[in-house]
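Questions regarding the structure given below will be posed in turn.
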Amino acid sequence: MKETLIRKIKELSLKDPVMVEGLPGVGHVGKLVAEHMVEELNAEKIIEIYSPHFPPQVLVQSDGTVKQVRNEIYGCDRQGNGPDLLLVIGDYQSATNEGHYELSGIFLDVAQTYGVRRIYTLGGYGIGQFVDKPSVLAAANKIELVEEMKGYGAVFSENEPGGGIIGVSGLLLGLGALRDLDAVCLMGVTSGYLVDPKAAQEVLRVLCRALSIEVGMQALEERAKEMEKIIGKLQEMERASAPYECGGDEDLRYIG
Amino acid sequence: MKETLIRKIKELSLKDPVMVEGLPGVGHVGKLVAEHMVEELNAEKIIEIYSPHFPPQVLVQSDGTVKQVRNEIYGCDRQGNGPDLLLVIGDYQSATNEGHYELSGIFLDVAQTYGVRRIYTLGGYGIGQFVDKPSVLAAANKIELVEEMKGYGAVFSENEPGGGIIGVSGLLLGLGALRDLDAVCLMGVTSGYLVDPKAAQEVLRVLCRALSIEVGMQALEERAKEMEKIIGKLQEMERASAPYECGGDEDLRYIG
Amino acid sequence: MKETLIRKIKELSLKDPVMVEGLPGVGHVGKLVAEHMVEELNAEKIIEIYSPHFPPQVLVQSDGTVKQVRNEIYGCDRQGNGPDLLLVIGDYQSATNEGHYELSGIFLDVAQTYGVRRIYTLGGYGIGQFVDKPSVLAAANKIELVEEMKGYGAVFSENEPGGGIIGVSGLLLGLGALRDLDAVCLMGVTSGYLVDPKAAQEVLRVLCRALSIEVGMQALEERAKEMEKIIGKLQEMERASAPYECGGDEDLRYIG
Amino acid sequence: MKETLIRKIKELSLKDPVMVEGLPGVGHVGKLVAEHMVEELNAEKIIEIYSPHFPPQVLVQSDGTVKQVRNEIYGCDRQGNGPDLLLVIGDYQSATNEGHYELSGIFLDVAQTYGVRRIYTLGGYGIGQFVDKPSVLAAANKIELVEEMKGYGAVFSENEPGGGIIGVSGLLLGLGALRDLDAVCLMGVTSGYLVDPKAAQEVLRVLCRALSIEVGMQALEERAKEMEKIIGKLQEMERASAPYECGGDEDLRYIG
């Protein structure tokens, strides 16, 4: 296997679907939202993507069987109840720069095959400290989209993220523009230290408004509550140890 | 030489062989087992694989001649005394992620050419401390294989290995499933600090039961005894130096 | 997108243009000069280059829209007022060695398509300390060019830069020679710690003489003045902290 | 330029030439010998090789002109005074593993085109301390060559070099064997800290015996004397500073 393999799992007829991408990234915000949507909306897997750009690895599942790391595309026929959806999820993003470009190109090919005209990419924006009031930072690949997104509660902040947007969530906007596809990136503001289901809820709220659909939030809410408890304990520990230790945050990354 | 080179050494007619892979990895457990089997079963070399994904290196042998680093496939016609075998061994695994995918694809091509229907991949599972009671952790690419392997004494432990299985031993399961090939990974539990012939013996025992064959173990036993002595001395040294030094383990890696 | 994409934006008829390359590098000297020229001379964008060798990233602009990182070539019809120009600018250089070679080849292809016979590449030469008297170090790919450049005020210093010239600014000379294209690299001597508009001014002065054109310098001058103030403050801080701290320079890199 | 470029400079008719490779490596021993031979024997450049696997760099020469980094092959018609020669030299070896394989393949292609039947690769073997009595360690790709080389004064030492031979000097033996080309690696034993013309002299002595030719050594001798002086001073400094400092050797690497 020298080349990326696109494996069609199921034919599904969708009408002008919207693509939503949520691959792993900062705070796993995008991944939480997209996987939650796959589950809540009973989306069906239509494509699996295997690539030498992913880590050379299988994951061991709880029943003792393995899963080859991959990206997946799910389809969701909403039967007029809001737009049809194409959901992009996965275990990893590419381990190489070149792979990010190749995989983004593949996602855009799929989008065009299905007649997608708008893409939402989901991610987290790490600010290095715990977030009190959740918010969703956005960027878009057309100026008209900026005003529209503000209407859904997304925030645009000059020069943020200062480092740009890295990975598939950025490239779908940048390379999508070259194919004249509208694309918006919604980033849940998060500490960046932990998996952040609270930021994910906020992203999902903005996205639901943009898509004019409703998605049950209970699973994310429960996960957010658990995480709040963990954070509470961590902050307590931090306060207790602060006079003696610093940089302890380092060890808390991605618990969850 | 820009591409991987598959060099056929000998034609060998095998009937429904089982493939066994034991390339270098944690504790060199898989390598010890597979090379031991090649020797004990008088397997014959049928294929050499050279690749730009291996380190750009020759090994110097004791007679002053060199050996280009490579992977090799041996065949073993068991004449009805258990299943015929294809044994995959080598000096190195790929030095790149992409190479792991390419080489796994090549091994699977060879497997399919020979009509292989089951693959065993062998490795070590490093737990960071010396192991008192040897055991063999397993993972499989089909749920039916899990129960079967338990019958041979392999252990399945939820969420272990937590990091998944990396390299050819993992990919032959994951990519093998895409070709509908049954595959099992047997991992000898080991410290991960030293070459571990004792873990290799345990893996070989489980594998022999699975294959319904017998393989002499004397060479591995002798090597295990030597290693026990080394470990005894190391532990003595560690106890002696413990009050003054820590982290000394670091220097003991892969003595053997 | 697995391959570099050359996107033609506009046809422009140019007569024997000179190519000037100013991509990001030491002190961003080349980038400052080339982008300043694009602006001052009202050059028109004719080509955009996207590549998997660039970081997988979009930049977020002040209006909330994104820009896919890329290199760009601008054309400038000077209508007889000095030579026509092809200006190469961009957000990044290649993130891989191979990409530097590929992109340099593409720039040379464009140069040959437009009938370019001479190329100036612009960069900085970092000397690790603040520069009192600005100067421009040069290198060329033909011996006749060395004398000519001295006439414009460029300095050639034996064995400098000792490490050679790395990236597109070097390769356009080296690979350009293989296509019999004259090429000169002009390097503004700079500390290497900060974006250096003063070094950029000096490079622009030499380049204007070489091209027999005039380019307004006000924007660069203003930026240089601001930077002088920052440097003044930094040096003050350094003097103040010197007895207690060393290596503080490290933190000042590329402020600007 | 996406691919390695083989540029023919001159046609030269050679009879059964022997190939000698001396690219940069440990102590620059091989490079010193091969470049010395090119000069002493008035060899003529026949091929230049440019590759994206080399660093993306030009070297600045003393006259202000640049040189694209490359490998070069020189031919030497000895007119019956010993065998004709093909000498491989260069500024760098490949910066990637894959490049080592590709370039070795190219050198072997050239060798076969010219009817080469034997290859000598030259290098250094770093032992981490200054060498009192110079010697030449060897390895070969056929057992018959081992005895022959001992006759010329080369030493074969079991399990040395323990790490094998890395880079082109190793691959020409390993990949050469696959093409049935005889190849020997001669390694001057050296500290590995400094460019070592004394080790180079010893390698040249063994090589001259093997080739039955004579090559003037004066230039290497002079360089060795200069280096002896530097080493003398370094050892003096080391003795003086020994009670206070350790690990000072680190800073002496590749002075010369």
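As written, the chains take the letters A, B, C and D, and residue 1 is the first residue of each chain.
Methods note: contacts are C-beta pairs under 8 Å (C-beta built on N, C-alpha and C of every residue); 3 or more make two chains touch, one makes a residue touch a chain.
Quick caveat, the model's predicted, so the values are computed rather than measured.
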Chains shared as neighbours by chain A and chain C? none
Using only Cα atoms, superpose chain A on chain B and state the rotation angle in degrees, rounded to the nearest 5. 90
Same or different residue numbers at the chain B/chain D copy interface, by half rule: different
Measuring between Cα centroids, what's the chain most distant from chain C? B
Expressed in whole Å, how far the mean CA point of chain B lies from that of chain D is 37
Distance between chain centroids, defined by C-alpha means - chain B, chain C (Å): 53
What are the residue numbers in chain A that touch two or more other chains? none
Kindly provide every pair of chains that touch. A-B, A-C, B-D, C-D
The answer for chain A against chain C in the complex is residues 94, 97-98, 100-102, 104-105, 138-143, 146, 156, 158-162, 164-168, 170-171, 173-175, 177-178, 185
In the complex, the residues of chain A that touch chain B are 1-2, 5, 7, 50, 52-60, 62-69, 95-96
